[in-house]
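What follows is a pair of complexes built around chain A, which joins chain B in one and chain C in the other.
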Partner chain A sequence: MVDESTRKTLSSIPLLKTKAGPRDKELWVQRLKEEYQSLIKYVQNNKEADNDWFRLESNKEGTKWFGKCWFIHDLLKYEFDVEFDIPVMYPTTAPEIALPELDGKTAKMYRGGKICLSDHFKPLWARNVPKFGIGHAMALGLGPWLAVEIPDLIAKGVISYKEKTG
Partner chain B sequence: MDNVEALKLKIAELEHKLKSLASKNVREKIEVMSSEVVDSNPYSRLMALKRMGIVNNYEDIRNFTVAIVGIGGVGSVTAEMLTRCGIGRLILFDYDKVELANMNRLFFQPHQSGLSKVEAAAETLRNINPDVDILTYNYNITSVEYFDDFSRILTHNSLNNGPVDLVLSCVDNFEARFTINAVCNEFNLTWFESGVSENAVSGHIQFIVPGETACFACAPPLVVASNIDEKTLKRDGVCAASLPTTMGVIAGFLVQNTLKYLLKFGNVSNYLGYSALTDFFPTMNLKPNPNCDDRNCVLRQKEFAAKPKVEIVKNVVEDDKPIHEDNEWGISLVDESVENDKENQNVGSGINLAYTLPGRGVGDGENSKSDDTSLEELMAQMKSI
Partner chain C sequence: MADWEEIKRLAADFQKVQLSSTSQKLSERNCIEIISYLKEKKIIDLIFTVDGKEFLTPLHLIQDIRNELFVSGGRINLVELAKIIGVDLAHITTHLKDVLKGQKDIHSILGQLIDSSYITKIAGEINEKLSQQGQINISDLTIQYDLSAEFLQQQVVEKHLGKIIHGKQDSNDPRVFFTESFIARCKAKIRGALSGLTRPTPVASILNQINMSEKLFFSLYDQTCMYGSLTSRVVGAQYIPNVYARSQSEWVTNFYRQNAYLEYDALARLGISDYKSYIKKQFSNEEITFLNSCAASKRILERAEADIEECIASKSYLDLQSNLPSVFNENDIQLILESILIKQKQQQTIVIENYIISKAFIENLSKNFDELVKEKAKSVVESGKYQQYQTELQVSSTKPQKFEDVEEKIDKREERRKKAAGGKSGGGTQGRETKTKSTKKPARAKHVEVEVEFVEKKQLEIITSEDISEAVQSELEDDGLDELTLPLMQYLLPQLNEKGLELANEIYAVTVADRTANRRQTHNELQNKLNALIGDVRLFDKGLKLLPEDLQPQLQKYLLKTLCTDVVNEILNYVAAEQNLSTQSENFNNDQRLKFANDLPPDFKKPLVPLIKSLTGQSIEDFMVTVEEGLAACSMIIKKIDKKKDRTIVLNHKHVLLEQLNKCDDLALVLHLATLVIFTTVTQCMLHASGRHVAAILNFLKQYLSEEQITELTSYHDFVTLMLSGGTEAENAKEKLKEKIQVVKNIANDFKKPGTEKC
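Let's look at the complex of A and B:
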């Protein structure tokens, strides 16, 4: 279901405790703090393991998230904008992560650039409510998706390397 | 200059033509449903259901408000069927646009590409039956900003400004189903969940009366066994397949049961599945889970338990004579009904839970520590990594 390296990554992402969604006012603030703590730890782990692959930030309410993710292929860095909303039923339902600039470029996407998650993602998420957070969604959802799709899209010539400044 | 004049004339001529085309065959509103059998009465065949003794009160359909969430392959056909049946009011929700990729399904037409699904649908439906009052909402119900509006409309926008009579979920994702479930549990709204599998060869409808039948959060979603080896399913390269046939079948099931529920005839199925590959139609009953995660579901269950039970009176038509005078071969009926629903895990034959929920959680793992750092500090820290 989940391979060994993903399992290892997962186990190092701090789990969350508070089961609260954006309608829950104070509890949501608590949840949001846990989300940030977990994400910060995850990103730090990635940096230490020389596997830094995304940055995220949110609006003040923590309901809209945006940032960048990148993927190294043949020593070239491909970077994409990431965005998603926290669904009103979060954390029972997982966020739908989108890469808008790839919308229409691959069949493994729903409209608006939402990535197609594997069959395993939702059951795994459901079993781990409320312990899984945004970091887990990134590690289990977007990470594997990029690893499969980006090399394929590059090989097909659908996306090409762009020199980034800064 | 002559050219301009000529063009202006041409425009006037075309405008006139367009107007006459548009007004041709547009039927006027009809005040009262008539059962008169004439070619010009759009309701004659529906009202004939009364004469045939199927429905006693067909014209009551005009008093009902049905909300349809998701105007895609199932929802649009559902809306068309209810419109043709003369439903009182339809409330349509969808945030999507019509695309050419939708053309393998029914209802929408290529020239509607680019229009919002609700607007395109409303135009077609008003044309089919102007007696139906149609309200449209073009937004995503799972987003935090529209949730309250969605709840308000479902609870206040029926024909008599009360809650809608029935909600039909025709959405294609778990998040939206869960949102509808939460609203219906909170406000005690009866609804039907419907779905077609991503491989397009199975589907289901499920009738949910909060507190009385299992809600969508009571158990993991149910799937109709496809009887194909999951490993042989090729998922490479696509998210979802769809067929107009499967979607049409499911929309038909959905509206049939909607009519039965609203007009009180026949039996409404609690769960009706469809496996296209084997033409298998499982049905079953689902009791709510007393430990459901949705506290409103548990609340509704308590309310339901406190209510006196309505005895279902069976109209047994007594026949004077036995159907067969003799029984040469000694054929008799054997009661095969099984006591089911001991627990929700015990689902009907041919139906599986999409996944199981073992003892919650993955077990050990470091919990994210909550300390005194404020949210703002954490946001800043995240930004500065």
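Let's look at the complex of A and C:
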């Protein structure tokens, strides 16, 4: 399953209560509100733990999310754009996080830069509907992917350090 | 739409959160790494906590220590401190000196930190305690506070003495502190206790009573006034109040003044254990004799001495027990006697148990027995027991010379005579005796001890203990001395016995002397008797010579067997008596006589043996010769032959015979006597013959008799022989003889010598 530090991080992210998708009008607002609160807490936790590793923002409706994420390897900071949409079936269906920059550079990726999540992610998510939200998806999905793939990619020389990209 | 507003606000918040700077945090690992790096470079000095998760700077540690010290009230254990701060004990000990530096009020003692506030606090406590208890000992405090005595003494008590602690330090023992009031109280207590005592009391019990330590008591004792004295300065000591000592000495002095003696027991009861030195001290100028149970003054001894003197002077006895104080026991009296009875007095007195008896008294007493002893001695001698005893002594023991002496004494008379008479010959036996004596002498000393018992057993009891005890008892009962009977008796018995023996000896000697005196008389008598007998023999011999030759030897033999034998027996009897030999020589046969003579001393043996032998010989002459020698040995003389006397003797003889004849009824004897009378008348000589010779003599007389006389006599003789031969005719003959007896008597009476008839 997930490693110890991930579990710890996960447990510190507040769970959500409302089961509603973007089409649910009123309830979506409620859901979105909870999403934000959860994310704020998660980011705060990260910052406190000196473990800040992404920046996210959404459109007005909260259906489209974009931002940046980074990974520090050998005292060098590798930064990537990140984007994903809230699916219609959300929160039953998990959002598909994509790193467009790395499209075609690794086998662990679908077309359009969507990352291949681990076998455990989907059942885990399914079991935790509607308690899991965007924060959980980031922590469970992208975090571990970066930790595994980026050092590999760097070692292969597929990606290289770019001075002050961001 | 308010919800959307809220969403917007949340989104803004989210952005704000994301944009806020992240706190620059180092991971734990990094931190440890950095610190160890820094420590390695000695850039910083840090102290690890025990769990290793925290670091302390030394300064912080020092501060912590001080804080903890303060928190815990001024006293803390280093081990505890290490636990509280969470650092190793080693760090604390290494930084201890930094803590103490410049801080004079903090002390590190026995692994503990103590600051002045704590010391002040316990000083206050100590003061409180001191004021409560009155005195305090550092050693007690060490237990209470678990601090070293030295620290308590120097840092706590002495430092605050007079400031916080109000008290005094004991000058004898610096570890003890007390308050003035306490001392005053104690003194008062001691004074009270001591002044209340009237008799010696062990210090321990005093202390028990007043509840005080011995040390304190002894240190304060000198300061309290003196009502008495202590025997020593240890716990076992006794306190003797002056009052008691005074009354004790008063009592002792008074008692001594009054009674002139002191009983040890009484002194011991008064609590004077070392009475000898006490008495010596008390009566240093008096002469006191220490006895077994008492000490006696000279006065008592003088009195006793005077008593004894008086007892000797008055020839009485003295019961020391009753004359001395009753507490004197036997040993005391023994000691007194030893000291007073000087030699001179000892000779005049006898000590039996507690009685002193003057010798004079005993002499008086024993005088009473003199008669008894004499009587007894006499009876002993008379009954022959004494002689038996003497001979027994001679026989049983050749050793005890004492008795030999006695024996010698008896023999002395004889010896003297022997010496005078026999000279050399007598000295033979005596010489040997003296010789044995001299050789025995050195051996004697050895023997005596062994034989004393033996001899004593043998000793003849002249007087028995019963005899004495009764008499003594009756004598003493009047004086109330009956308890002395036994010892006195025991004392007297041997004395009296000795006396008795002596008396017996004397009596014996006297009887012996008497006997010798008698002997002298009998000697003369015997001499006369013997002379007469020998004269008879001579005359008979003469008469016998008139008879026919063939008849002579028979008659001689008869004569020897009868009269001569008598003579010899008389002589032997005399000798036996002279020699102190008890023999009945009358019944001797010839062999016994010879044996007896052979046992005699040589001066008797020599003449007597041939004399005795001559008896068995044939001739009267031999006898006459030997008898003369024998008599000479017995210092007797044969008188010279006096013809005139011979005639009277013959006449006397004849008269005697006639008298016998006239009185006689014996049929045979009449003839015998008649024959002898006729013979004497015829021959003017005496004849000694037995009945057997009658026939022969008649034959010889035929020439002088008339026919009828002869026939009468011969027929009578025939009848006599018939009668004596027995048989059928004996009775008949007897009848005939009875008829004729007067005839024969008449013949004898009327017979006149033919010659004279003619004239």
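A few points about this structure:
Criterion: the second predicted complex is superposed on the first by the 164 of 166 C-alpha atoms of A that agree within 3 Å, B and C clash if a C-alpha of one lies under 4 Å from a C-alpha of the other, contacts with A are read in each partner's own complex, and residues count from 1 in each chain.
Note that a contact is a pair of C-beta atoms (placed from the backbone, for glycine too) under 8 Å apart; a residue touches a chain by one contact, two chains touch by 3 or more.
Computed from a predicted structure; not experimentally measured.
After superposition on chain A, the partners chain B and chain C are seen to clash.
In the superposition on chain A, contact of A:Cys116 is made with chain B only, not with chain C. After overlaying the two complexes on the shared chain, residue contacts for A:Glu48 are found with chain C alone; chain B is out of touch. Comparing chain B with chain C, more residues of chain A are touched by B.
In the overlay built on the shared chain, the residue A:Leu39 is in contact with chain B and with chain C. Looking at the shared chain after the overlay, A:Leu15 reaches chain B, while chain C stays out of its contact range.
Once the two complexes are overlaid on the shared chain, A:Glu101 sits clear of chain B and of chain C alike. Within the superposed three-chain model, A:Ala126 lies in touch with chain B and out of touch with chain C [touch as defined at top]. Judged by the touch definition given at the top, the superposed model places A:Val88 against chain B, while chain C stays out of reach.
Of the two partner chains, chain C is the only one that A:Glu26 touches; chain B does not reach it. Residues 29-30, 32-33, 36-37, 39-40, 43-44, 47, 55-58, 62 of chain A lie in contact with chain B in one complex and with chain C in the other. Across the complex, chain B meets chain A through its residues 96, 99, 142-144, 147, 173-175, 178-179, 182, 217, 220, 235, 237-240, 293, 354-355, 357-358, 360-362, 365-370, 373-375, 378-379, 381-383, 385. Of all the residues in chain A, the ones that touch chain B in their complex are 10-17, 22-23, 29-30, 32-34, 36-41, 43-44, 47, 55-58, 61-63, 85-89, 92-94, 96, 107-111, 116, 119, 122-123, 126-129, 131, 133. Only residues 26, 29-30, 32-33, 36-37, 39-40, 43-44, 46-50, 52, 55-58, 62 of chain A touch chain C when the two sit together in their complex.
For chain C in complex with chain A, the touching residues are 3-4, 6-7, 10-11, 13-15, 17-18, 20, 22-25, 27.
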